[in-house]
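Structures are listed in the sections that come next.
Each of the next two complexes has subunit A plus one more chain, namely subunit B in the first and subunit C in the second.
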Partner chain A sequence: MGSSALKGTLGFLMVYVIYGAFNIAHGAIGFAEKGIAARIIFFHVPCAVYSSVAYMVATWYAVKHLWLLGGTNKSNTALEDSDYKSAAAMELGFLFCILATITGSIFAGVQWGSFWNWDPRETSIVIMLLLYASYHLLRTAFTTDPAKRARLSAVYAIIAVIPSIYLIWVVPRVLHTMHPTTTLSNPADTSLSYKLVLYPSFLAFTLLFIWLMQLRVSTMKLIEARRKRRLHAMEAQR
Partner chain B sequence: MNAHLTALLVTAVPLIVWLGIYFYLVRIDKAVRRLLRDESQEEQL
Partner chain C sequence: MGRVRYSCCNGMNDQTWIQQALALFRKDILAETRTRVAFGAMGVFSFASLLLIALAMVGLKGVLIQNSSGQAVPAWNNSGKMSLLWVLLCFAAFAGLSHSFVYEEETGTASTLKLHMGPQAVYAGKLLFNTTVLLAVSLVITPMYMVMTGMDAGTLPMFFAVMLSGTASLSAVATVVAALAARARSTGALFGAVGLPMLTVLLVLIMNAARQCYIRSESAVQYLRPLTGIVCFGVLIVTLSAMLFHYIWED
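Our next item is the complex of A and B:
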């Protein structure tokens, strides 16, 4: 898909999702609040899913980075590319994690009567937020040495994926949670009017994720190119 | 107020927010592409 096709489709799809959320989807069965507030799930669920998908994407590029580093043909461009993609995915994961926490908290206030209940999924998202925040703190500690920063953050991403998998997939299935567990896995649990909005919403968030990642990787390349040029200029002055 | 009007009003707020974010991102995207193009041209020189 070309870049303009991606942007055009995303713009149209998100407008459709916003319109559909309030005008196509009917009141949800089993929700305490059957009016407007329940529609937040069309934005909360994709944000929550993408907060974990982003982690997997980041880990994939972290593995690729270390793999390239251990290989005989160490291309600087390929090494930088995998590092930027891993870091960009981590940033987006952090953003989606924050959005999922905010939207989830609003919905919890409406549905369960309290904005925060320490439900297993709520607890696991707090730990996910801390994992993401630690990654970014680690990166800021090595701004003058990009190679070391890339290496250490790749190692961190790979190590931290283990607790993240445990928190996302295991904890909410082992402990009692107030969150519904079969909304996505069992199609019979979701009505047609909800599917007509929820599935396009996933597609829209997928396109948004791809676009934001491309954009962030490009800005990282620009920042690095300018940093290198500044270093060359300083060396030339000496 | 009738339900349709309420739904339309509630739709308008996130719609305006989304369109604001979308066109802001389109502007940033254009600026980044231009800067990348300039960067590669400078490298060639």
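Our next item is the complex of A and C:
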């Protein structure tokens, strides 16, 4: 899909989701403020899902980076590309994680009466936030050696997959949670008006993720090119 | 993955990687008995934090609070004490465990090790050493903590199982993060900040298991389920670290 077609579809879908959240979906039974609180799911659930999908995407490119590094045919562009994609996915994951935490906290304030309840999913998303933060912290420690930075942050991304899998699947099931566990996974429980908005919303967030990732990878390439140019200029002066 | 990186066929040295790892372990233990840096740092650090925790919680002695079902329970109870013991051990691990990799870099002996043995042997040796030191520290600290805070062990086999599996998994995480952080320049600050988020997950699992020490249960499954979580976590971390260690260790 071309860049402008992607942006056009994304713009249309986002407008539709925002309109639909208030005009197509009706208030749902069991939620606060006459069911209006349920409308958060069109924005909160995709954010929460993408905060973990982003981690998996980042790990995929981290594995690819190390795989290329171990292979015989080492092309610099392919190595850099997989590193940038991994780092970009990590940044987006961090962003979606923050958004999911904030929207979730607002919902908790309205629905459960307190902005923070130590619900297992609240606990796990805040630890997830920390995992993302420490990945970016590790990257800042290797500013002068991009190859080493790429290699070591790929290793960290792969090892931190274990805590993140525990956070996404194990912790919320081991501890008692207030989150609905079956509402969205069982299609019969969700009414048609919600499906009409929720499914396009997931599609819109998917396109948003792809678009932001393309943008971030190209800015990272520009930053690296500028760094190399400055390095050459300094060497030429000497 | 791709190329073969095991250097047990270096010519000068025909030991298996297990013998090499044990040799490294013996060397580290010898260096540790001479300088006592890691054990001393972790011991003093955890004793100081023990005093801090015990002092901070003195005010809670005898205080009753209502739990979710309306019963009055002591605020400073056994599971709370156990959780804080694990926070303490976790900080102790981060006070001392980075030493084993950092001093190889600082004294320049890392390259000699790289010549002498493969990355798998280095990882196994360091993991063994770190686990031993952490077990020794927790063996000293835990009884002191129990005396000072009046913590019960609860169900003894479960208590020992939690302590053993928790300490081993803790040192598995700390070892690989220490190896990562030792490659950076600002190692000290990085080690804690990168490692603690990974340990938080382990601590959640350990606290969940520790609660089970104080709940009487007839079926062994109630005890085994939380333990499996901790053991699996440790085993997964060790497996992945061993697979990826040569990317950390070699340039």
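Convention: the second predicted complex is superposed on the first by the 235 of 238 C-alpha atoms of A that agree within 3 Å, B and C clash if a C-alpha of one lies under 4 Å from a C-alpha of the other, contacts with A are read in each partner's own complex, and residues count from 1 in each chain.
In this text, a contact is a pair of C-beta atoms (placed from the backbone, for glycine too) under 8 Å apart; a residue touches a chain by one contact, two chains touch by 3 or more.
Treat the numbers as computed from the prediction; the structure is a model and nothing was measured.
Asker: Report the partner of subunit A that touches more of its residues: subunit B or subunit C.
Answerer: C
Asker: Output check: A:11 vs subunit B and subunit C. Expected answer is one of first, second, both, neither. What do you get?
Answerer: Only subunit B; A:11 stays clear of subunit C.
Asker: Looking at A:158 after the superposition, I want to know if it touches subunit B, subunit C, both of them or none. Which is it: first, second, both, neither?
Answerer: In the superposition, A:158 contacts subunit C only.
Asker: Tell me which partner A:218 touches in the superposition: subunit B (first), subunit C (second), both or neither.
Answerer: The first partner, subunit B, only.
Asker: Where does A:133 make contact in the superposed view: on subunit B (first), on subunit C (second), on both, or on neither?
Answerer: The second partner, subunit C, only.
Asker: For A:36, using the defined touch cut-off, is the partner it touches subunit B, subunit C, both, or neither? Pick first, second, both or neither.
Answerer: In the superposition, A:36 contacts subunit B only.
Asker: Which of the residues in subunit A end up touching subunit B in this complex?
Answerer: Result: residues 3, 7, 10-11, 14-15, 18-19, 21-23, 36, 211-212, 215, 218-219, 221-222, 225 of subunit A touch subunit B.
Asker: Can you list the subunit A residues touching subunit C in their complex?
Answerer: Within the complex, subunit A contacts subunit C at residues 66-67, 69-72, 123, 127, 130-131, 133-134, 137-138, 141-142, 148, 151-152, 154-156, 158-163, 166-167, 170-171, 174-175.
Asker: For the complex, give me every residue of subunit B touching subunit A.
Answerer: 6-8, 10-11, 14-15, 18-19, 22, 25-26, 28-29, 32-33, 35-36, 39
Asker: Show which residues of subunit C lie in contact with subunit A when the two form their complex.
Answerer: 1-3, 176, 180-181, 183-186, 190, 193-198, 200-202, 204-205, 208, 226, 229, 233, 236-237, 240-241, 244, 247-248, 251
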